[in-house]
Amino acid sequence: MKLYRPTEECGIFGIYGHPEAANLTYLGLYALQHRGQEACGIVSSDGRSLYTHRSMGLVADVFGNQEIFGNLPGESAIGHVRYSTTGDSVLKNVQPIKVDYSRGSIAIAHNGNLVNAQYIKDELEAWGSIFQTTMDTEVILHLLATSKHSSLEDRIIDALGRIKGAYCLLFLTETRMVAARDPHGFRPLCLGKLGDAWVVASESCALDLIEAEFVREIEPGEIVVITKDGLTSHFPHKKIEPAPCIFEFVYFARPDSYIFGKNVYQVRKDFGRQLCREHRIDADIVIPVPDSGVPAALGYAQEAGIPFELGLIRNHYVGRTFIEPQQSIRHFGVKIKLNPVREVLKGKRVVVIDDSIVRGTTSRKIVKMVRNAGASEVHVRISSPPTSYPCYYGIDTPTRKELISSSHTIEEIRKYITADSLGYLSEEGLLQAVGAGSNPFCKACFSGGYPITFPRLMAEPQLDLF
Amino acid sequence: MKLYRPTEECGIFGIYGHPEAANLTYLGLYALQHRGQEACGIVSSDGRSLYTHRSMGLVADVFGNQEIFGNLPGESAIGHVRYSTTGDSVLKNVQPIKVDYSRGSIAIAHNGNLVNAQYIKDELEAWGSIFQTTMDTEVILHLLATSKHSSLEDRIIDALGRIKGAYCLLFLTETRMVAARDPHGFRPLCLGKLGDAWVVASESCALDLIEAEFVREIEPGEIVVITKDGLTSHFPHKKIEPAPCIFEFVYFARPDSYIFGKNVYQVRKDFGRQLCREHRIDADIVIPVPDSGVPAALGYAQEAGIPFELGLIRNHYVGRTFIEPQQSIRHFGVKIKLNPVREVLKGKRVVVIDDSIVRGTTSRKIVKMVRNAGASEVHVRISSPPTSYPCYYGIDTPTRKELISSSHTIEEIRKYITADSLGYLSEEGLLQAVGAGSNPFCKACFSGGYPITFPRLMAEPQLDLF
Amino acid sequence: MKLYRPTEECGIFGIYGHPEAANLTYLGLYALQHRGQEACGIVSSDGRSLYTHRSMGLVADVFGNQEIFGNLPGESAIGHVRYSTTGDSVLKNVQPIKVDYSRGSIAIAHNGNLVNAQYIKDELEAWGSIFQTTMDTEVILHLLATSKHSSLEDRIIDALGRIKGAYCLLFLTETRMVAARDPHGFRPLCLGKLGDAWVVASESCALDLIEAEFVREIEPGEIVVITKDGLTSHFPHKKIEPAPCIFEFVYFARPDSYIFGKNVYQVRKDFGRQLCREHRIDADIVIPVPDSGVPAALGYAQEAGIPFELGLIRNHYVGRTFIEPQQSIRHFGVKIKLNPVREVLKGKRVVVIDDSIVRGTTSRKIVKMVRNAGASEVHVRISSPPTSYPCYYGIDTPTRKELISSSHTIEEIRKYITADSLGYLSEEGLLQAVGAGSNPFCKACFSGGYPITFPRLMAEPQLDLF
Amino acid sequence: MKLYRPTEECGIFGIYGHPEAANLTYLGLYALQHRGQEACGIVSSDGRSLYTHRSMGLVADVFGNQEIFGNLPGESAIGHVRYSTTGDSVLKNVQPIKVDYSRGSIAIAHNGNLVNAQYIKDELEAWGSIFQTTMDTEVILHLLATSKHSSLEDRIIDALGRIKGAYCLLFLTETRMVAARDPHGFRPLCLGKLGDAWVVASESCALDLIEAEFVREIEPGEIVVITKDGLTSHFPHKKIEPAPCIFEFVYFARPDSYIFGKNVYQVRKDFGRQLCREHRIDADIVIPVPDSGVPAALGYAQEAGIPFELGLIRNHYVGRTFIEPQQSIRHFGVKIKLNPVREVLKGKRVVVIDDSIVRGTTSRKIVKMVRNAGASEVHVRISSPPTSYPCYYGIDTPTRKELISSSHTIEEIRKYITADSLGYLSEEGLLQAVGAGSNPFCKACFSGGYPITFPRLMAEPQLDLF
């Protein structure tokens, strides 16, 4: 269950060639809000200039005013929702970043994490470049500005050839929109069409909301350039084995999205079915930790033939800050979001389905909450393998030390969370469920096998680099 | 499904005798947020003075600042969340209302709707009283202020003897807290205990969050007076047949709450089971309109032996205002909140479970959305009888003219919403499911049988009276 | 000199029968800003309803937005600028106050101070009235609401018959504007005409700004009722000896205003001339304490034949709060507003002219500042008699204990402020300069002879009564 | 008179080595507020990092909160008040500008205007530099960042060797403060001492407020480097003829300041005396256009032996925006700030003294206002020569076309402003009064003799270059 850690990563959206570009970008960001709740922004272009509106806050709040769209004219726009992975959470670090340079104006929106950004920044500063933000993303713009090539495409290719790490990028200039996905394809990115307008979005649910047609996913290593003359595709990088992030399926993407060739909801249900096959138990009811655990719990319940129930009710009105009373209320953190339904749980043998265990503290509170509500047995099932290694490609996991499974056996974790039994989905089961026989996913968080090497200093502790 | 109409009614919470009274009231209101998202407020007492903080907005936003609690000192407090049923939505109409009068200060929080408020107001103004707000609630304070009795209890009894309608009330003075529920008991109100402190709340879920013990429901017609010497109970009104609101079970209360002697989640599941018995259909999957339709859909699915699936995903990040693009996007209103999962629905015969149909427009959009996502058949089942009459006791229903079932047959409604079949839970089935053999509920919205007569001008159209 | 104590009292302005009523009221208030910088407000009427905009802050800030005027429609309006004399400085205490009562809506704006307000309030509350503010002004509205008379004029006359103290009042209803001045005529109030529209203002400078023609002063005890049919004048009170406030001439009113039959600038110059005749001294230059001391200094210099110079430069960019450094800077308070011109003062025998000495601390700082800048002698001359008694009629003077002249001889004051000599204008000289042979002024602050008796509790200390 | 054009130019202040550095900088800026009311900011250093607070608004508003100073720690600080001469008025253009570059952090505050900034910017951008603001000042930082020298002093000397135009600069790094004045010395800059702390300010009035001792003016072409080891002075530029701005004396500087070796008030009085000698007239009273015309009017009156009076009263509560009524009020613009005293002017032959005539429209309104108030004759005297040429060194004058004296004879101007006579101070008289026999002032605005050549595109119209 995700709690208190606002959803990590970022979401990006762009549209080219539509008279309501900024308004549709706002709707697209709204559909991608689960990918970042801390800040958001839109840059639009009317063919001559770029226009910006960015702020800390949720999409519906930041853009909750008709006048804003009057100040975002034009037929193309890109937008960004973010939860910081690098850079402080201050206004100047809100994306898209827009700069003026010798060739005009350019804006950029980035989902991912660059591993060699500090190295490049040092080099540029030694020459005399002055950086405006503390975001890794800004180095791409400086590489663009100092490139000796004359066309925008060549400058972008030049810049992307220098950076390493995870990225889905959207660039907007006065007259073009460019989308790029890193050669490993860590993060999802898809292409759609709305009438004559081209649309690019992190997840297909953003296309659905604006009723754009899903065209295809943008491929790992692909650069798509969109101008008034149409769309061209480029593959400047050496082809390598892709490594899409399996955690997008486990809990990050929205269940109604279609990413990496699959529907997320169906994959999650299959995780639940497979989990049941691996860790079946005799019980009275199966309950999810809402909302992310629901599909896996449905899969588990159907496979097990045990009734599915909502034994924990989630309160969705959670604000950004929460003032707790000073007297100790047990399990307070979890109680703000979840409340057990005593009448459902009382006297029952309960299987609780969650998508992952990070530090173990939340799971421990949930088990106690379910038991206090009268459950006679509490069996915890996790729809992914133990998460033992931090992510350096855009998911905001804690350091290894804080990941309970990096230093504890499953039995030790079971004891800590006070469950009667505990079962994780196996790595093989996970891949089988997702239909990935031949391993095309990044599973570094389970195995420690990182597809891209990174500077030693990034390893432990995972610091903000800039 | 509720959409765009922010949840109606109000929620109230009070605590007496706890050093963190205001902070716990804030948590209680937070748990009652579903009862009103427009505005909220807290009044606390330190034994000498009353302190107020009120504002438009959600609880977590209005009280998202530790300093506020420094300005709400004392060991007792009452709070209110509201969606206006009478009175404009301006700051001076946010509750609790606090006034100074000849006997000191008093604050009041009200859930319900008075039917003779305008009549009393006219009478008081003719004498020379000046009203500060446009809320029906304020007449109670003026009746208190002009009462000739000397004790607070007697003044309250005097004032309550004059008013007619639905009310759960909390009063706070420098030294006392008083709770009152109208003789029909339209709205729920319960009593709890947290250590030595007394707690009163609209629903038991608010007790759960602060880990207070549930003691009992406050009875229809009961007045509970709490002082430092303890709690006394009064029944000054003539005993009449109670008429709790059945719609609290249908969709208004939180599923984890215990009200009118039952757990809401279990009652809703039973509505679903009974609905299946009355309107069984051969289908492939049962899907709820989330979130309120989930328990009934689970009941229906279990009774029918058809798999339960999440075919519609709800976006919870909805803000107060939403800027729509001007070009027509079909079913846009619903799309902001719901997105279909194509892979779940494609080629399936689908039963869609919702709790009620108001105007029919939302149901129509949902049916089209499900069908466009590939469903081969769409069968709509409603877990309550047709709603043909407006509510005058605190639920913000539209006028009769707008209620589709007041002027259309079920077959006409089915055609309008373009469903393959449509079935409503019968009134008998509803009462049977809730275990109310001998009719103790207000079912005016189904039958037009109003327990309290009201001035003719209230009837049609339902105007803001003040 | 006035320093840190924002200008006291209030200013009022009203206009009836002009299509830009609210905008002209804003300009009128702007011209009266010197009478109150803490808060301001306007209520307008379009013949059917009253519209309000009020806030803490300066006129140009509170109304610095064209949209506000769109929300203040109609052809009549009244406005108010205030520095609180009674009532806390919170938003609900900002005037005009507008209420709804049995006869419709009414707004009121008040300049002055009622001495029997608490007594009347107690009486009304005992019956059951509930007050909304802590301002003395509100009792007038309650007296109006409870009056048994049926016409507005009679209700107003009824209410004014009950109150005692200093008041200039403006009332606005949907269709009328009423102006009233208390029988003593403590505060100024004048009548003007702009085309067909009637204008009422505290001082004539407000008429000048909007280019309205000055018609006459409203007389002590007069009530002027303005309707679409024209203006009628009423004198319902028993005629008594008027007692206009001499301090309006000394420093409160603007020098370009015409009040109580005289131009303020000319009167102040005559105070300076007379002061010279009474306390001539051999010196090199005469300097004012700006801005209020300038006219008297010019008069003194002309009478004395000594050059007038600006030896102290005033900084006008003073904000509402000022964050002082913690290290002691000598005379810091005065330095924020005044800086000496060393080259003007060096080696000179200087006469410093100020309008009054309140606590003596400011004068002491000024004398030291002038001497530190190189003056060889510093002679202080005050253009009014010693202020030994507090004002209860609308000027915010400190308590008697704090008034230095209530407990010190002139020689003691001279020593305290470290001047080489000190001279006050005599009471006779003051009256002679203003041309008031037969005493028609209130001089209570000099003599303690209060024209209206007041409750003992008001006397010392001067508390906020409500 | 200055009206509606907020005071132009900028003011700078810095202090090194004082525990309350930020608070004293705030006071210094407050004393310099007349040099720029649009925006202000402070950067402080605690020896390790730089801290920033900047905003649109007046000093007392932007820094009106004690907490701000807690976020500006350290013993050195620089500050800036601005009215934009180049660059849009948006937040990112508020100074001081602070950047991080390869050598750490550096902040800069600038008073003046660079004439070759666009040229240098183009060159840097061609290489790949990305600019953050649209201010000419930013090029200095980029020149610093790209300099090949290793010491800060050498980098600054290197950068200043590239730029041309008017500048007084303050730099702050973690450990140093550097002040620089351009070789012509267009703008004033002085050095002071407060205990052991060094202070630098645009005008001496800022030293007075914090009670710092005036040490000396910083010389044209001088660079002063202040570290914990003390102060060193550098003169890297070739010595040239200085050209301080005569308009600082005419109206820009505060009368209590000492700049370019003189007290401003005394110089202005001497302008008035000389003006009288050149354009004596028989009249009854001399009145200034307040506030800037007061000293010259006093000088004129004393020299002429005619009484000085305040015939125009200035309202100081002017806000940033002013909502005018739509109906035409004659001379409205001037009326907001000035109101005539009818009793002073009636029947009099009046000499009106102002410091300059720009477009002529304001003077025309003032003459009409004085005449309408009853003056029998209105003679205008201007305490500077006709302003026929725009300034490119930091004073925000309009283009030549708008300067009335660039295209009209004095007699034509007299007719336009409807004065009975008009006299300007001669250029010779001006220089004589200021004691500048041998021409060391920039008088380009009178003569068109610009000390520094500038790109043709700057000439007409005077565009925002960036």
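What to note about this one:
Note that the chains take the letters A, B, C and D in the order they are written out, and that residue 1 is the start of every chain.
Everything that follows uses one rule, which is that a residue touches a chain if its C-beta (ideal position, glycine included) is under 8 Å from a C-beta of that chain, and two chains touch if they have at least 3 such contacts.
All values derive from a computational prediction rather than experimental measurement.
Comparing the residue numbers each copy contributes, chain A and chain B share more than half of them at their mutual interface. Computed centre separation for the pair chain A/chain D is 52 angstrom, with centres defined by C-alpha atoms.
Between chain A and chain B, the centres computed from C-alpha atoms are 36 Å apart.
Chain geometry summary: the mean Cα position of chain B and that of chain D are 63 Å apart.
In chain A, no residue reaches two or more other chains under the touch definition.
Going by the touch rule set out above, the chain pairs that meet are A-B, A-D, B-C, C-D. By the touch criterion given at the top, residues 19-20, 23-24, 26-27, 30-31, 33-34, 37, 58-61, 63-66, 68-69, 205, 208-211, 254-256, 258, 263, 265-266, 291, 294-295, 298, 302, 307-310, 313, 315-327, 329-330, 335-336, 339-344 of chain B touch chain A in their complex. Those residues of chain C lying in contact with chain B across their complex are 99-102, 122, 125-132, 141-142, 145-147.
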